[in-house]
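Common to both upcoming complexes is chain A, partnered first by chain B, then by chain C.
And then the complex of A and B:
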């Protein structure tokens, strides 16, 4: 579903991403780990075609993102670290707008159902988003993915700043999404959550994929050791 | 589908912003106040005009028995009709004056300009619809639009929108369309009130045409600010930068450029001062026949030529009154002299106006002012149209009086001849005929085209910012 082939990105003379190759299949949660500047967000931005690659291709269900950005984006739900929503609109109105833009037109009841599935109570869904916590906003993001029946989910440090309970709730929602067949690519610093939620983990270092692991093959402590080894090298 | 969704969404978000409703209400109240006060002013002035015109006519007809040339010096007034469309854009009317004194031998300048009755503070601008459209509407648009794109970029909202598979071009045009809806909603509400005003005051069909074109001109002007506000918002590095840039453009377009160009035009093409101008006219007049000075060489030469043509040296033998003829010939010569000097002034005004029109390259405000005043019939050209008709009327009136003298003051009636009510009431009263609406508006077509060009170019700029590929 999501595939990077020899993906390379330069910022001036700085190589932000070098020859990245990875594949995220439907039902898979692929977690990108790495220090700041390792290339995690750059990878996500290339799949969304917010930036253009100097080499290689980012494919979304076989569609080259750089060449057909709108088509590729319609298959993706994007949840950044701080999900931007219109503060004067309610969660329901935000969801209605964003899903409408993606070509999904649903009734208020259907949208409320999506929000409830994402863990947002109906009374909160009708209040202006300006009063939402970060966790509540992220739930609207998940509701977008549910409503759009999304094929691919790109998450850029979505649990950063969430309290442990909200983080855990969010991880459960991701598991449900992957169970529905979504391919999920998540950039994160959270080793624990990556091990718990992910099916595979890619450790990035200076724009390269330094190591790829299956979460079922590694323990929490081993993951931490491998990660720290790469970071300190 | 995405486009209409974006427009509806923009409108919803704009409407929910706390400042929008206040801004909307303030502008709406100002517009209504300006329209109502304009309408009241129009009604009052129309009545004053009718009363003054009636009084002038009464005084002319009832001036008593007197020599027709004395009546010519007694004179009368031509009043510029109160223009209904001046309610929307008074243009130069407060400065040009409202009446011309018509008398023998000379063309007078207009007197009794409304500005004379007001305090000096009123020169800074009256609360007319044109003032609101020129200065306040662009500010209203800037405040609604300056953060529209940059806020969404800074907050990450733009990425969220793009991530839904929406094109940046659709986002920008959707924002522009929403701003158009807000601005037109406000503007057309006012335009409707204006239309009712026209209907209730019995406006002519030409007034409707000119009113519609005037409103169209203003809409194009607003479009320029809508597109530029969004373009700057899309290109600026921060909200503060966008606001500063747009306010800078507003100051330049509405205040600085028109004022600087006016000063430059007056300096490059100066109008002679009144004393010099009158001296030049006096000098020129001394080169021709003077009906009041029998000792002037030119008058004597003319008198001798007329007597010689009739084979006599005694004016009493002529079948007409020689003084009457000399006064008429003198009047015709004086008209030529005044026409020549007035044309010089008009040419200077035209040069100044040409320079002002050039400023439209950097200031759409200059452009819309020229167009709006033209459509309202309140520019210098409209005043000149009135002045030319009043002058033609004066010449005809003088001819009728001189002819009466020539025909009737002959033989034993020559001495102490007087005319009375019968003659003065037979002189047709002055009636201003407004220009043909189509040919008049055609002269302003170039300004409408330039406004359209500005609007199109600003929209092109907005679309060009949609080509940015990285966000």
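And then the complex of A and C:
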């Protein structure tokens, strides 16, 4: 579903991403780990076609994101670290607006059902988003993915700043999304969450994929050791 | 079809946000009311000619529009909703939706300003139908230019200043045409007397909207 082939991105003379190759299949949760500036967000932005690559391709279900951005984006839901919604609209109204824009027209009951599935109670869904916590806004993002029947979910440090309980709840929602067949690519600094939620983990270093691991093959402590080894090298 | 549905969704959302925040409505109402009052009390309106009336009317409408129209895109940047919009829709529906909202808003402001003029002066009495047509074309011209410029400046630092600097030279021909046509109407001329100005105004709106549609994708994707 998500595939990077030889993806390279330069910012001036700085190589932010170099010959990145990775694949995320439907139902898989791929966690990108790495220090700040390792190229995690750049990878996500290339799939979203917010930026163009200098080399290689980012494919979303076989569609080249840089050449057909609208077609590729139709298959993606993106949840950044801080999901910004319209603060004076309710969660329900925000969801109605963004799904409508994407061509999905649903009744209020159907949208409320999506929000409830994402863990946002109906009474909260009708309150203005301005009063929402970060975790509640992330749930509206997940509800967008459910409503759009999204094929690929891109997340950029979605659990940073969430308390452990909200982080756990969010991880469960991701597992539910992957069980629905969504391919999930998540950039994170949270090793624990990556090991618990992920199917595979990619450790990035200076724009390159330094190592790829299957979460079932590695313990929490080993993951930490491998990660620190790469970061300190 | 999806293009119009998305454009309508943008229009409805902007309308909903404006009704709840009342930011632009309050700003513009205050500006129009105070500018018209200042004009009324500081000038001897019985001595005002059609020339002055038409110029003053369009100057007030111009600055009222400039004080509020940039907000359509600046709001998206301030609330950081730009990326989410970009992910969910191509640029064209966004431009059309914002243009529709800005046009409705400016037309309402123009009508209100003209009404205030008529009430306060008592002698501002142009032929109604052609005058409403002038207000409509003027509002469309203002909004087509302002919508594109607002999208350009929305991610810059000095948004307000740059917006005015970019808009004013482009709106100058429009103001000249509108003042000229209004003066002719105030002189008692029928609609036929402003046929040339109307044709030029339609041309202006056509060119600015077409150019905006062609250029907007660059602003949207860059």
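Note that the second predicted complex is superposed on the first by the 233 of 233 C-alpha atoms of A that agree within 3 Å, B and C clash if a C-alpha of one lies under 4 Å from a C-alpha of the other, contacts with A are read in each partner's own complex, and residues count from 1 in each chain.
Simple rule for what comes next: a residue touches a chain if its C-beta (ideal position, glycine included) is under 8 Å from a C-beta of that chain, and two chains touch if they have at least 3 such contacts.
Everything numeric here is computed off the predicted structure, so don't read it as measured data.
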item	value
Three-chain arrangement built on chain A, chain B and chain C clash or fit	clash
Contacts of A:51 with chain B and chain C, given as first, second, both or neither	first
Partner chain(s) touched by A:126 [first = chain B, second = chain C, both, neither]	neither
Chain B versus chain C as contact partner of A:208, first or second or both or neither	neither
Partner chain in contact with A:102 - chain B first, chain C second, else both or neither	both
Which of chain B and chain C A:71 touches, first, second, both or neither	first
First, second, both or neither for A:15, with chain B first and chain C second	neither
Partner chain in contact with A:5 - chain B first, chain C second, else both or neither	neither
Contacts on chain A seen with chain B and repeated with chain C across the two complexes	48, 50, 70, 73, 76-78, 80, 82-86, 88-89, 93, 97-98, 100-103
List of chain C residues in touch with chain A within their complex	2, 5-6, 9-10, 13, 16-17, 20-21, 79-81, 83-90, 93, 221
Chain A to chain C touching residues, read off their complex	48, 50, 69-70, 73, 76-78, 80, 82-89, 93, 97-98, 100-103, 105
Chain A residues within the chain B interface of the complex	48, 50-52, 70-74, 76-78, 80, 82-86, 88-89, 93, 97-98, 100-103
Residue numbers on chain B that touch chain A, as the complex places them	1-2, 5-6, 9, 12-13, 16-17, 152, 155-157, 159-167, 469-471
